[in-house]
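Each structure below is given as C-alpha cells.
Two complexes, one shared chain (subunit A), two partners (subunit B, subunit C).
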Partner chain A sequence: MADGRVLVVDDEPDHGLTVRAILARDAVAVDFAASPEDALAQACQQTYDVAILDLRMPGRDGLSLMHALRRGQPSLRVIILTAYPSPTTCRTALTEGASAYLEKPCAPEALRAMVASLLAQSSKSP
Partner chain B sequence: MADRIAQVLADQIEAICANASARLTGRAEFAGDQRHLAAALSTLAAALIDAARDDQPERLSDAALALGRDDGDPCRGYGRVQLLLDVLCSESVEALRRVVLGSEGKEASARLRGLLGPAMLGLADLCRQTDQAGPPEAGAERGS
Partner chain C sequence: MESRLPTSRLKPLPGMPRATGEHPDLRDVGQALGELRLLQQLNQAIIANLPSGIAVLDQDGRLLYFNGTFGRMWDLDLAALGKHLAEVAGDGPLSRINWRGEVARLIEGGQALPGNLLEAGERPSRRVIRYGLFSLPPTDFDLPRRLVGDEFCLGFLSQHECIGDCQECCAHTATWQGDHALLLVEDITDQRQLEAQLTQSEKLAALGQLSAGVAHEIRNPLSAIYNAAFYIADVLSDEEPDVGELQEYVALIQRNVDRAQRTVTNILNFARPSGPDRTTADLSDLVEQTLAILDKALVDQGVALERHLRSGVMVRCRPETVKQALLNLIVNALQAMPEGGTLIVATAREDGDFPSVLVTDTGSGIAAGDLSRIFNPFYSTKPAGQGTGLGLSIARQAIEADGGRLDVASELGRGTTFEMALPAAH
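Moving on, here comes the complex of A and B:
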C-alpha cells in the first residue's frame, strides 16, 4: 500500500477506533478525532491524504466538515460513512466531492481496498 | 501469484457466491429480487476471477460499472453494486485466507483488495457523473 496519512472522524469513539484499527493492519498512519472541531484542529497541525468522516455528527455534519477541511487541504480525498444510508444522501455526498460513500458498519476488507486505492491516487497526484 | 489467486477463487466460486448471497438476501436493496442478486453476484465473481488471473482491475471495474448503469437511478445502483462488492470482497479474502497462508496469504489479500478498490471508486465516479448530467430527483437531504 502507498504511504499516506488518514484522518478518521466519528463522534462514536468505538466505531472510529475500530476503523483506525482496521487501517492500522496496513501500516497506514491513522489519526482519530472524536468531533469536527478536533478534526479541524488536527488538520491545522498535519496534512492528510484521506479523511473518513461520519456523516451525522453534532454541530457540523460530515459534508460540511469535508468542505472545511478542504479549504486548507484541497487535495484531500474523503470517504463519507453513514449508519443511515439513502440514495439522496449518497447523491449529495458524491456530487459535493466525496470520493466514496459507505454504510456503517463498513466491511473491513472493502474499507482497506478503498483507502489503498485513494492513497495510490494521492501518491500519483502532484 | 495472479494464477494462484484466480485458481483459489475459481475453485471456491460457488461457496463464495452462496455465502455472499446469504448475507445479502435480507437486505432491503434486494428485497423481492433474488434472481437479480444471484445473477449480479455471479457476474461480479466471474469478473473478479478474470481480473485476478490477468492482473487487470479494469475487468472487475467494467463489470461493476455495467451493473450500476443498468439501474435507472445511478445512486441506487451505486448502493446496490457497492454492497455486492463489499460482501464479495469479504468472502473472497476469507476464501483466500483459508488456502493461501502466511506472508503469501497477506500478499494475495492485498492484491485482491487492489482489484476491488478501483471498482468501488469507479462506481462513485459513475454515480457522480451521471447525476451531474441529470439528477433524477430534486432536493438534497443532509446530515443523516
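Moving on, here comes the complex of A and C:
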C-alpha cells in the first residue's frame, strides 16, 4: 500500500473505528473523527490524502464537509460512505468531486482497494 | 312506504261529527285533518329514511316504537313492541345494556346520555354502534299502530281508517303514559373499519418518512459487524496472530447485533395493526416506545429532547393508536423546527380523570387563522407530496374514539403545544 494519510469521519464510532482498524492493517496512517467539527479541527493540524466521509451526520452532512475540507486541502480525495444511498445524493457527490460513493455495508476488501488506489493516485499527482 | 295523499275517504275520529261538506266549520276541520295527515306522512317518510335507528322506550325499557332502520338493524317485527329491548335485541350490542336502569338514570338526571359506544360479536362480524338516549315529554294517551310497508304508523291520523275497534291495529295499541326515552342508534362498524385502515396506512406513511433513520439504524451496525468480522479474520490469518485485542471487536459485534435487533423490534412493535379493544397502559411507556424509533431523527435535526415523564400514570386506550397519534405529533414538531430546537415531552394532569401528555416544540408556531383548521382532513401546510394532511385529523379522531381529547395551543415565533388527554384507568 502506498504511503499516505487517511481521515475517517463518521458519527458512528463503531463503524469509524473498524474502518480505521482495517486500513491500519495495510500500514496506512488513519485518523478518526466522530463529528464534522472534530474533522475540521484535525485537518487544521494534519494534511490528508484521502477522506472517508459519512453522508448523514448531525450539524453538517458529508458533502458540505467535503467542500470545507477541500478549501484547506484542494487535492484531498474523498470517498462518500452512506447508509441511506439515493440516486440524487450519488449524482451530487460525484459531480461535486467525490472520487467514490459507497453504500454501507460496503465490502471491506472493496474499501481497502479503493483507498489503496486513491493513495496511489495521490502519490503520483500531489 | 305509504305515499298516498289524504283523500275524501277520511273518516271522523271517535266522537267527532262526520264531515258532510254541508257545514263550513266541519269542512275546515276536514281540511285541517287532511293537512295533519299529510304532515304525518311527511314526518313518517323522514323518520323512515333516516340512516339512524330510532326507538322509543318506556320507563321499564320496553319498546313503544321503532323506525324501519332500527327494525332492520336488529331484525325486529311488530311483535317486538311492548317487549324489553334487551330481550329482543338478540346477542347484539344492545342486549348488553340495562335499559331500565339507563332510562331511570336519564329521567332522574334530566340530562341526555349521548355518544356511548357499544361493541359486540366476534370478528369479522363484530358490530360497533353508537347510541344516545334522550328524554321525551311525558304523555298520557293510547295510540293505535299499523304496519305500512316495513314501517308502522303511529297515531290517529294514520292512513289506516281505524276508529278504535278493529282487530288489526288495536291489538297493538300502545299506552303512552308517563316518561319515555328516545333512543338513537347508529351502526358505525364500517366507519370504524375504515378508520382502522386509514390509521394503518398513515402509520406506514409515517414509517416511510422515517425510512432514512431506519436504514441508518440497521445498516450502520451491519456495516460495523461486517468490518469487525473481516478484521478478526484478517488478524487470525497472520502467522502469529495477536489475539489480545480481538476481544474488543467481538464485543463490538455483539453490541451492534443488539442494536440492529432493537431497531427491528421497535419497528415491528410500531407497525403492528391496532387492536380493536381498549386496554390499560402506562402513558409514559407509550411515549417512550414512540420516542425509541425517533431518536435518530432528533439527533439528525439537531433537536434536543427534554423528557418530563412520570411513570405509573395509567390510561384506558388502544395503545397502538395512541403511539401512532404521538408519532404524528412528534414528526410535526420536528418539521416545525428545521433549524433545530427543543422538543419537550411531558405528562400532565397525572392524578385527574384525564391524564395527558404534552408535546411541545420551540418552532415557528402556527398562525391563529390556521390553528382552527389543522385538525381538518387534507389540511396541510407542507409542500405537495410531503404529507397527506390526514395525520392530525386521524390522530384526533382516534383519540376521541378512545374517549380522549387532542388539543393544540400555539404562539407564532414561540412554538406549539399539543395536549393529548386520555381517560384514566381507575
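Everything that follows uses one rule, which is that the second predicted complex is superposed on the first by the 125 of 126 C-alpha atoms of A that agree within 3 Å, B and C clash if a C-alpha of one lies under 4 Å from a C-alpha of the other, contacts with A are read in each partner's own complex, and residues count from 1 in each chain.
Definition applied: a contact is a pair of C-beta atoms (placed from the backbone, for glycine too) under 8 Å apart; a residue touches a chain by one contact, two chains touch by 3 or more.
Small disclaimer: the values here were computed from a predicted structure and weren't measured.
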Touched partner set for A:Glu12, first subunit B, second subunit C, both or neither: second
Touched subunit A residues, subunit B compared with subunit C: B
Touching partner for A:Ile22 - first (subunit B), second (subunit C), both, neither: second
Contacts of A:Tyr84 with subunit B and subunit C, given as first, second, both or neither: both
Contacts of A:Gly59 with subunit B and subunit C, given as first, second, both or neither: second
Partner chain in contact with A:Tyr101 - subunit B first, subunit C second, else both or neither: first
Touched partner set for A:Leu69, first subunit B, second subunit C, both or neither: neither
Common ground on subunit A, meaning residues reached by subunit C in one complex and by subunit B in the other: 56, 84, 103, 106-109
Partner subunit B, residues of subunit A touching it in the complex: 1, 26, 55-56, 61, 63, 82, 84-92, 94-95, 98-103, 106-110, 112-118, 120-121
Residue numbers on subunit A that touch subunit C, as the complex places them: 12, 14-15, 17-19, 21-22, 25, 56, 58-59, 83-84, 103-109
Touching residues on subunit B, where the partner in the complex is subunit A: 73, 75-76, 78-79, 82-83, 85-87, 89-90, 93, 109-110, 112-114, 116-118, 120-121, 124, 127-128, 131-132, 135, 137, 139-144
Subunit A contact footprint on subunit C (complex, rising order): 211-212, 215-216, 218-228, 230-231, 234-235, 249, 252, 255-256, 299-300, 302
